[in-house]
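Below, subunit A partners subunit B and then partners subunit C, in two separate complexes.
After this line comes the complex of A and B, so read on.
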């Protein structure tokens, strides 16, 4: 994935034509009054609604609540995912016993867990965080398994020759060697976690604050301006997290350099 | 690198590998190994089932939260017998099929346009990459406003989910068509349609099929989400409905069905992808 810096020098003005046209038509038809402005809200109205929302202080509260859920779920899910991945990747016994179950359960579409989770954990933060952790777990675990299995036999032999204890093997060989895959799994997990945060807030809309809940309540109140602004914020945060993860990934893996 | 199983040697907790031949048993080939693996793999689910049974017998959790396995099984048979499950499954599959048809066509068109024409890429690519960063989930409230909560909502939401993987895979596939093949086409003065049908399409097919697989999985994911959000039939609807009545047996049956369909999709598409993965000319 290209970083921001790579994209900078090659900005082609033709890329702006389509978005500009869209904005123009959008503003044009609403200003001319050709459409029901309750359904198709003018871009300026969206900005105004967003400005009010931010000024009221509610925006900060909502975004904070969502990011808190996202971070808690991601941390739990990532920890569980790496643990499961290491277990299934390193131990043949664990893989034969738990592997089939693990790989079968992954086919259940992630959102299908929400009704069951809500029966067990209610509709509040706990259920949402468990769900987000669940959504993060799979990509991280699968990437960790892949990373551990890709370790070269020669490296394992060196560890064997030096008589590494399992603990040494884990921290000096397996984790560093599998780190590229684990980190890209974490990157994917971060994207999934944000998706899951929004999904959980839409489907388990309860009292309390959250970006997704603001949007879904905006729908109930027919506040299209707020919905569109919320969507933009959701998308922007998704992109921001992605960008941060991309940068962290290249920085964390910098040490690998040209070792091979 | 064929180091898939290399790690087990120094770290296994048990003697590694299949030691049957060493003991002089006739080697039944891979079938025996597979059978053995499946046999061991089923132990853990059986153990879970046993645990579940014990938990319901001793009422560790209220029966509303944890229905007995036998009861869930009965519910499954009931729902199969009455055709309830089939009706909802069919409704869901129909939505997915329509969306894949519509979204797939749009995605392929965008992918081909961006892959074949530099001008189209210059106009479309920035908007498309921005669009692809917005999760489908974020679109859904806006779509409810535009399309109501009827069929149009589901199909449009799933369609949006399908477009991106189709378009990305097609675009990448065509971009990676060996330059030599394109040059041959130019030497033979192929027309645009000839280039498309004889070079670009066959060479990009494996990548496109990868996109088809991705798109179908995304469609299934989006379907469950949108049916949970607002629906009056379909598996997701049944899930929410049963959950609201606290019929967790029905919830479990639905989850199993959703998992099974996802599994079948994945296997079928992986098979197709595998069949076609080796036919592309490499241009070397």
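After this line comes the complex of A and C, so read on.
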């Protein structure tokens, strides 16, 4: 059994030099009083603000609310994306009728949907979740279409020779054969969903909690320390989600071997 | 033991339409194959030998003439007819036993019978111990063994082999040819092998069907009345091989006659 430490990639310490230097300069100039510390706050002040925020219990609530939106929107969008992708990828008829509409709509920036979404769903969690689902849907659907279309005719012939039913063809051939593309689509969708979670909280700001809303409120209250700490937490969770996705990917696709 | 099928092909014609042109692929092919017989089909590329197999397995339709298995016209694909392709066509996301089991999904056997048949056929092709391996862990020869097990696990009446050893190295090919002959004897089913390797055709076949191209048709059928296992170096073997090569215009005596002329 490999320990956690074995799994960590070896890191060259030289990579830390620049960030450490910047931190030092940052702390130095704020301590020396060369800048307006209301705009450029000291790293120590950021840490202090973060510490207070965590201790107040608001941090946990914010993180929880954001992750809930992220997970709900992602699940909804991923399910819809895979379904649409399978439909457009496998059925000529569906592709004829819905393909052009789908491929035209994808050019509308997801942020352009925000006014319409808030008109329909208000500014509550539902609107945010639908927005996140939209952001997830497109990369997942496009990757699924690509994966399904890449299935070799020779593999479909194997299914025909052994008399697969449509259901068997879907679960024993189409989904697994397209899984490398679907999984990288889901990975991309996960990144998009987290970006969209923050986007939704900024642009559909309401009274609830959330990491994005914390940052927005930090700005309103001119709390640069809180803004910066919020950004760090948002980045850290983005990284964490990405890492989880990478691990899930290599586990699910173990059958491809190591040579890629 | 599986029941071996009688295959009868009567005046089979197949055309492809490519743009506005009509390509005549198979011209009046008639062939009758006895139960348990091993028939090799040789021919240069474009002679329609693979198309013939694809028609028999049911992957190609829209033909004129008759293809009868045990007197009944074939329709579409069926578990009665198995096939091994030139490429192994295993599903890379499934292990060896799952790939073999794929062929049994729609069989009427009970789960325990399926399990037993899968295990038997993995052992038959000499892959005991590799049940849980994935295709990326197997060599080309091992993958083709799995494909043979998958083709046989349903106990089809007839097994079609479409250049199954064409992509393998010479050593692996020799071994697999020998083993295929044992398998054919053990299973007692009808087999049709399409190949462009004349030696392979003679080594395995009871008869060798020689096809010629444009349009694809049977030129000649050569019986191979030799005891098994066959010795590739035996005079009778070489004589039959030379006779077939002669049909393709490859004449070794002429070649030898040329050597002194070149040396001079």
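As a working rule, the second predicted complex is superposed on the first by the 244 of 260 C-alpha atoms of A that agree within 3 Å, B and C clash if a C-alpha of one lies under 4 Å from a C-alpha of the other, contacts with A are read in each partner's own complex, and residues count from 1 in each chain.
Convention: contacts are C-beta pairs under 8 Å (C-beta built on N, C-alpha and C of every residue); 3 or more make two chains touch, one makes a residue touch a chain.
These numbers were taken from a predicted model, which means no experiment stands behind them.
Undergrad: Thinking of the overlay built on chain A, is A:224 touched by subunit B (first), by subunit C (second), by both, or by neither?
TA: In the superposition, A:224 contacts subunit B only.
Undergrad: Could you let me know whether more residues of subunit A are touched by subunit B or by subunit C?
TA: In the superposed model, B touches more residues of subunit A.
Undergrad: A:68 contacts which: subunit B (first), subunit C (second), both, neither?
TA: Once the two structures are laid over each other on A, A:68 reaches no partner at all.
Undergrad: Given the touch rule stated above, what does A:149 touch, subunit B (first), subunit C (second), both, or neither?
TA: After superposition on chain A, A:149 lies in contact with subunit B alone.
Undergrad: Examine A:26 and indicate which partner it touches, taking first as subunit B and second as subunit C; both and neither are also allowed.
TA: After superposing on A, A:26 lies clear of both subunit B and subunit C.
Undergrad: Just to be sure I read the superposition right, which of the two partners does A:121 touch: subunit B = first, subunit C = second, or both, or neither?
TA: A:121: touches no partner chain.
Undergrad: With both complexes overlaid on chain A, does A:160 touch subunit B (first), subunit C (second), both or neither?
TA: It touches subunit B and subunit C both.
Undergrad: Intersection of subunit A residues contacting subunit B with those contacting subunit C?
TA: 160, 164
Undergrad: Taking the touch rule as given, give the residues of subunit A at its contact with subunit B in the complex, in rising order.
TA: Its residues touching subunit B are 12, 14-19, 39, 89-93, 96-101, 104-105, 107-116, 118-120, 148-153, 156, 159-160, 164, 166, 169, 174, 194-195, 198-199, 202-203, 215-216, 218-219, 222, 224, 227-228, 230-231, 234-235, 238-239, 242.
Undergrad: Within the complex, which stretch of subunit B touches subunit A?
TA: 1, 3-14, 16, 37-38, 40-45, 48, 65, 119, 122-127, 130, 133-135, 137-142, 144-146, 220-221, 223-225, 228-229, 236, 239-240, 242-243, 246, 248, 251-252, 254-256, 258-260, 262-263, 266
Undergrad: Quick check on the complex: what are the subunit A residues that touch subunit C?
TA: 154-155, 157-158, 160-165, 168, 172-173, 176-177, 179, 254-257, 259
Undergrad: Taking the touch rule as given, give the residues of subunit C at its contact with subunit A in the complex, in rising order.
TA: Subunit C residues touching subunit A: 57-59, 77-79, 82-83, 85, 87, 89, 91-94, 102-103, 105-106, 134-137.
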